[in-house]
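After this come two complexes, each holding subunit A, first together with subunit B and then together with subunit C.
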Partner chain A sequence: MASTTHAEIADKRLLDGKDPERIKQEMLRDYPPKIARKRAKQIIINKVDKDKTVPEISSNVRTIPGLIGQRGCCYAGCKGVVLGPTRDIINITHGPIGCGFYSWLTRRNQTDASASPDGHNFMPYCFSTDMHEKEIVFGGEKKLKQAIQEAYDNFHPKAIAVFSTCPVGLIGDDVHAVSREMKEKLGINVFGFSCEGYKGVSQSAGHHIANNGIFTHVIGNDDTVREGEFKLNLLGEYNIGGDAFEIERIFEKCGITLVSTFSGNSSIDDFANAHTADLNLIMCHRSINYVAEMMEKKFGVPWIKVNFIGAQATAKSLRKIAQYFESPVLAEKVEAVIAEEMPDIEKELQLIRPRTMGKRAMMFVGGSRAHHYQELFTEMGMETLSAGYEFGHRDDYEGRRVLPDIKVDADSRNIEELDISPDPDRFRPRKSPEELKQLVEKGLTFSDYEGMMAEMKIGSMIIDDLTQHEADKLIETFKPDIFCAGIKEKYAVQKHGIPMKQLHSYDYGGPYAGFKGAINFYRDIERMVNSKIWGFLKAPWEKNPELSANYVFDE
Partner chain B sequence: MNTAQKITSKNHTSTQNPCKLCSPLGASLVIKGIRGAVPLLHGSQGCSTYIRRYLISHFKEPIDIASSNFGEDTAIFGGGMNLKIALENIIAQYQPELIGVATTCLSETIGDDVNMFIHKFLKQRDGQTTPPIVHMPTPSYSGTHMTGFHRGALEIVKALVTEQAGKRSHSVNIFPGMLSAEDLRYLKEILADFGLIPMMLPDYSQTMDGTPWAEYQKIPAGGTSVNQIRDASSAAASLQMGRVLNAEAESAGKYLRKTFGIPCHELGLPIGIKETDRLFAALQEITGKEMPQKYIEERGRLVDAYIDGHKYVNGVKAALYGEEDLVVGLASFLSEIGIVPVICASGGESGNLAVKLSDVMDKNIIEKCKILEGMDFKSIESEVAACPPDIFIGNSKGYSITRRIDIPLVRVGFPVHDRIGGQRILHVGYRGAQALFDRIANTVIEQRQDGSGIGYMYM
Partner chain C sequence: MLLKHTTKEIMERSALTVNPAKTCQPIGAMYAALGIHGCLPHSHGSQGCYAYHRSSLTRHYKEPVMAATSAFTEGSSVFGGQANLLQAIDNMFTVYKPDLIAVHTTCLSETIGDDIPQIVNKAVAEGKVPAGKYVIHANTPSYVGSHVTGFSNMTKAMVDYFAETGAKKNKTINIVPGYVEPSDMEEIRRICDAMGIPIIMFPDTSRVLNGPLTGRFHMYPAGGVTIPELRQTGQSMGTVALGNLASTAAAFALDAKCKVPYKLLDLPIGLHGTDMFIDILRNIAGVNVPDSLTFERGQMVDIISDMHQYFYGKKVGLVGDPDQLLALTKFLVSLDMCPIHIVTGTPAGKKFTAELREATKEVPCDVNIKVEGDMYLFHQLVKNDPVDLLIGNSYVKYIAKDEDIPFIRHGFPIFDRIGHSYLPTVGYRGGILFLEKILNALMDRQDRDATDINMELVM
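Showing the complex of A and B:
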């Protein structure tokens, strides 16, 4: 008996028939000892205890100079990710031209401008102060003021936001003072972000700075209480490929009122009003949990973690909402919607599963996507061998239970934590402590996220801030059936003969969220993993084994 | 001088929808055109990430650009240590044949002495194999991506070409400017047909438009080797393409002429017949060879096409925008075929665009042009409203305007990230002019066909 158990354990630790620990050592072997030691803490072979404890993974630490990685900068997280998808704020990049140019409608966030009465949509524009040498030497505040004035004169927006790039902090421009001055002068909301690229260790710092700014300058500016019995906000959904539209469709069908989304298909008016909702849902925990926590402290709005990627996950998330509102009417509606949507899902899965079953995936994206998309692959009968975040923190991997243990290093300490206290007039706990307790007893968890690792198989490789070298090693070793990351990785992966799916831009496909999105995803992935295109890699004349090497795909 | 209306200052201070990219991007592209080379951007990791994703979206190829990953403390105390670590790691991982260190606004603003850092690093490495490490000052706040591109080529030449090599009459240096991978391949074909061995800087024709990998390649194959560049002092001549570039006080071709006495043929980008004729004249002069039959025929077919298609394109008004030299090349070509470039715009601020345009266009045509220097798309759009063109010719960024005013956009140059094959667009030589001519004429024909209520199938 005992030996069987050992065998079972040993078997479980194998990953796709290979020893992950050995592969990890091989990956590290090519690094100098100091780097190997650092990376060893960021490459973890997964273990999950009965109480869901997982091993510690070093994350949200600096990338080693010279290692080619995936990460962007603080400005990218602040301007590009969190504020970029809001259609009616004019976002001015204060700095030289590159940063503004590179973040000019490149993330393919969608928006429905017809939903706003003024029809404002500034997302297709790039506004920059285009700093020259003169401003670097003599300061750029004057030019910034002028840029704000011009943006106002041309478009009369409701709000203007200013984003600092690297030189701004160094030359001492005070974007906040300029914003305050222009706010007073123009009578519209103008606010600045000190999101210089060198701050923090990744775009994650920018998310935090964006959260702080939007909370300080926008949330709570409009106390109008909208109609609707079940009012909530969706945080950390950025409407790539129309994901938010699909989630909105489902909410509407269920009779749920969406007050605001941060920040897919969003308007600043909705942000201003967000604190009147009765529940916050968190999709991307990493980029937006700060706003949820601050709203809870200041206004008494609780938050729960949800996931609308995957049909089962969508159904589960809807049920959580119904449970929270404790309304039989909503619960019934939610069940009816799930019952209506599921047959299409089942039908599609029956078609594609024979062709996707047992295929193996890897994904290295974002601060949530690498977790969420595993749901969809699981539904297709595919296994995730390895996954990791670009800019996640330990709580995104190991769950929020480790928050008290996370060491705050100098890079994170420099990102301001706002001190929030209950609003004297507007703090309104949505549930009494007894009600909350009852809900918890019924299985609803508040203010918690279990993280990615607890849901992954034992033996799978969790790699934080994946380097190009490690990606190559993974591909060579496992020859996965599909690899998911972003455009920077896409073509290198494809050169190896492995299909590659972009999970930032969806390769211009989508939506992949919700029920209809799941079907889109199944179909796209099935086509990719069964594509015949790879068969052309080997030319008819490449017959002599001495002369031609094998492509990864045909091994 | 011409009588064209030249506009050099926007009527707004900020920039809205820029018509230029930043300097380190150009330098990175030059480094990608050297065999076994790795670009390293000295600054925040965002610069390398943004530039990678931008180049990749056009070329659709893997592009590794390393970063020295500045943190907040680095920004305060300087980036010497980060640069050292980055160099060590790149050497260990890639065993590169060259590392190009391009600075960013961050390291330039804090005043990092990169040359000193490199010098110290090389001293510490004594005995260990170390590739050439070339510093390129490319702050984003000065100039455009073309500034970084040309500066990159100049710094490479200055750093590597240090000795007078023995003359080799078959060698020629070519500084082609920022062209497509297809353009570079075609230029090499032309030079080979003249029996010349080119030292092309940069040559990213293979590194940025390669084939699948049967075997893993840490650095994609292709590019001009360090030794080839070192031998630039042995060349019979240099070809430097770009009239605006040629007007600069310093350039790679001029440096080689001044330092090693290599004659430099200062050409325009060879777009259209006149500018291509000048290229072939230079090649004949260098080699003393007759024009190869192949190109006589290419030119002949092109002239024939100009005649056949004249009825479609004559009098069409176009708006051109992009890099200054690309605009000059396209304007030269368009004015040959009877298209009036009513707007010639660039984000570049060399101050030479109007002068160089007047060199390539007839007076009666340039009189009808508005020349916009140092402009953004907002300025272009307001000029478009004043004198509406029939077509736009330029990169993908013009799409927001053509969509609003509902006219066609013929995509050329960089970046083209809303169509496939941006790296394979052929602009140069007779063959490039042929391809452009057919595309532009067919765009005009299609517009007329679609605009007719009758539904002609015969145009």
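Showing the complex of A and C:
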């Protein structure tokens, strides 16, 4: 290594009183040398330069076989995450029964079917072609065709989507051709996804494939322009535990018209109409930025990054929206809403902060949540010692400024990038270049995301695609007050005697978004870090195994 | 309405499964492998499989479920998964140090045609399997059978890999407990202990998936059948296999390999199921049944007679796994209840259907048996011929709520209640617990529906 510069010495920070570099080396010590070298690039001790440059982190790279991690597959990202939460599409899993079964109702996406005139809601149902050996050998297209027909005959949906599982790609079933044929035959929208589980390196590939499909087959199908002065889409909000409902409540109070949410409490009719909105907001950058980019190119709708996780973050995001629309009326309304909501937040924080202040958290989840939730912990006076994404890319960690430097590897190359050009009739820039420039000068940033690392403390440990081994080491070393991840990690963490918060399913609580959600989160975390149970793990005779001289009766 | 699109009218379907009453083989194999002490299950396929299986088992047990994956990429799907599995074996033994790795396949690796023994041999040749450690495997293509088949295949693999023929048989009896809960395995062991019979039970997930919270995480919890025990199964005097679908394959393999005769029984659920189990054990082992067990039996009979009026003639709809359904149906019939809709997604065969027919032949109603049906059809049957009680996994609560029918959770998965990990269904004690569940469901309903006039204090 080259000699250490002064800047590097100054940047050397202890993490919770410990040397993070040493801990990293301890983590890597137990791996075979080749694996240790690979993981070393995915475990980064954070540094933030004045211009917000952060170190490079290897991410969106292949999962190492045998290491036990958090990631799921391409199908899970496509069917489970992006398309799953839309109530009025019949989602047929084409494959053996398992994939459809496991993605049946397990992600807690809430929906309000009464919001659609037809009241369709297929989300409590699981549809599968349940492929048998016969179809694996002789092909499954015939069965798929028949399954689509039966779905139509039984349920009369307005749209059917088909999702390919691993063997479908291998045996060469053409789900797109079958979908086209059935679309023509039934006169409803039928479209397929080649989201076989082995594609890409994580769920992330599935998000991209879902984005492409929904953009190609749905967005722009209905040009009806809805009423409303401030029309926008919310992208990457999946209404887990009712998050989208809370955001909808706030928008309504502010007089903002939500055309569509991709995809929570969502209807395919809203997607078809999304291109008529005047602004796209991105919540989960990783899972949905592709749709935003494509809508901008084809229809001229700009996008900004927002975050409705955290009361301050919510207020900031609302102000950004007001700034974009350049309407004093909206700005005033937004300020009034913030002023109305904040006293409850302050009141709650005063109650809980004495019991959460100084506590330490770790979070390893998703492609955005590990970043967003730090806001809430900060509001509670808690510190995030370590964080990482399950399936994030470098831009989610380091910011979109690194996009030109990201090498496209063999796994990413196979995920199609659609070639989008402006729609000849419907491309309509929402702002002139001059207007955009002025907005930028006023501090609004378009098409940008700074990433997680720039907002994290120097010295904190950023770990991509965390393994079980590394999680155990983190917990043993730091004994954090709370650890956040998903269901697979939950009980292993808790066996260590550390409370574990699920940030995918919220442990069946929530909502955590917006103002009311923030209060829910403060209360849940305060309860968890102060729960009496963590003090009851040892029986009296385990705490004090020596027999005392007296019988209890003698006292 | 949660399932508002479910119609009363039943249309014939040949291709579309709606709301499945089964899942795929690998998850059953993973569950079985967790019942070997010191075992790290390994899924040879895409990482989505193990993520889904671990998530489902974790939600069901609320316990750590450790397993690994070969994490296939598009490249491995084209060229085969050998390199991935070799690397995985090396990493698992280096980092997580299991006593053995139990590899199961997936639809992906089966479609490609990966030869697991050949890859494992290569791993051994390359020194990736430390001395005294093992890699076993079961072929579990997801497009054949169901999760029950996967459980059966991995249980059979335990015999194939470890059972050793001895010079002389000993007095031990092997128990293949079937696809039951950790609490059930614990109860089976308690019964055998009470009878003074030495047993080897495989798999055994008790103390693995119902462990304590102590402040220390153990990658390999205390429970599980050990490798030395699995070796000794070949010297046991006999095997009792519980549940045809889940247990026959292993028992048959042990007979073929080591000449250990086996007796196949229903799961010991309910009075007669338990009677049969204990009576067979008594005869094979040549022991007397202790008074304590006869006393428990008497308590169960007592409860049934005391509360008979609440059971009599009540119609029940059941959906779940074949071995469970058969034993439960017989139990319900013995209570003079009427199981009228019986549905499984598992392809359990004609013999199973015939056995169910036989078990329900005295039920004074039309009985719908659908082997390879789904929950959508089950719901339609319930709409057409309503029942007083539903029994099934957590997904049945959507039907129960829509139709306003009392509901008992039983089977896999149960995502929304605890109990199954700790409180058995098998044996007389398990039977008493199950009777209590039935009565609570039915009598809570009677209380809820009672008018101000006919509310009963004493029932």
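Worth a mention:
By our rule, the second predicted complex is superposed on the first by the 530 of 555 C-alpha atoms of A that agree within 3 Å, B and C clash if a C-alpha of one lies under 4 Å from a C-alpha of the other, contacts with A are read in each partner's own complex, and residues count from 1 in each chain.
Following the convention adopted for this analysis, a residue touches a chain if its C-beta (ideal position, glycine included) is under 8 Å from a C-beta of that chain, and two chains touch if they have at least 3 such contacts.
Just so it is clear, the model here is predicted, and its values are computed rather than measured.
Subunit B and subunit C, once both complexes are superposed via subunit A, clash. With both structures placed on the common chain, the touch criterion links A:L67 to subunit B and to subunit C.
Of the two partner chains placed around the shared chain by superposition, neither subunit B nor subunit C is touched by A:E184.
Of the two partner chains placed by superposition, subunit B and subunit C are both touched by A:Q468.
When the two complexes are overlaid on their common chain A, residue A:D30 makes contact with subunit B and with subunit C alike. Of the two partner chains placed around the shared chain by superposition, neither subunit B nor subunit C is touched by A:E227. When both complexes are overlaid on chain A, the residue A:G119 reaches subunit C alone and has no touch with subunit B. Looking at the shared chain after the overlay, A:N414 reaches both subunit B and subunit C. Comparing the two interfaces of subunit A, the one with subunit B and the one with subunit C have residues 30-32, 35, 62-76, 92, 95-104, 106, 124-133, 135-136, 143, 146-147, 150-151, 154, 165-167, 169-171, 196-202, 410-411, 414, 468-469, 472, 486-488, 490-492, 494-497, 537 in common. Remark: subunit A residues 30-32, 35, 62-76, 92, 95-104, 106, 124-133, 135-136, 143, 146-147, 150-151, 154, 165-167, 169-171, 196-202, 410-411, 414, 468-469, 472, 476, 486-488, 490-492, 494-497, 537, 542, 548-551 touch subunit B in the complex.
For subunit B in complex with subunit A, the residues that touch the partner chain are 12-18, 20-25, 40, 43-47, 49-54, 56-57, 60-75, 82-83, 85-90, 92-93, 104-106, 109-110, 139-142, 144, 210, 212-217, 347, 376, 400.
Listing the residues of subunit A that touch subunit C in their complex gives 30-32, 35, 62-76, 92, 95-106, 113, 119-122, 124-133, 135-136, 143-151, 153-155, 165-167, 169-171, 196-202, 410-411, 414, 467-469, 472, 486-488, 490-497, 537-538. If you check the complex, the residues on subunit C that touch subunit A are 2-5, 7, 11, 13-20, 22-24, 26-27, 42, 45-49, 51-56, 58-59, 62-77, 84-85, 87-92, 94-96, 106-108, 111-112, 141-144, 146, 211, 213-218, 345, 376, 395, 398, 415.
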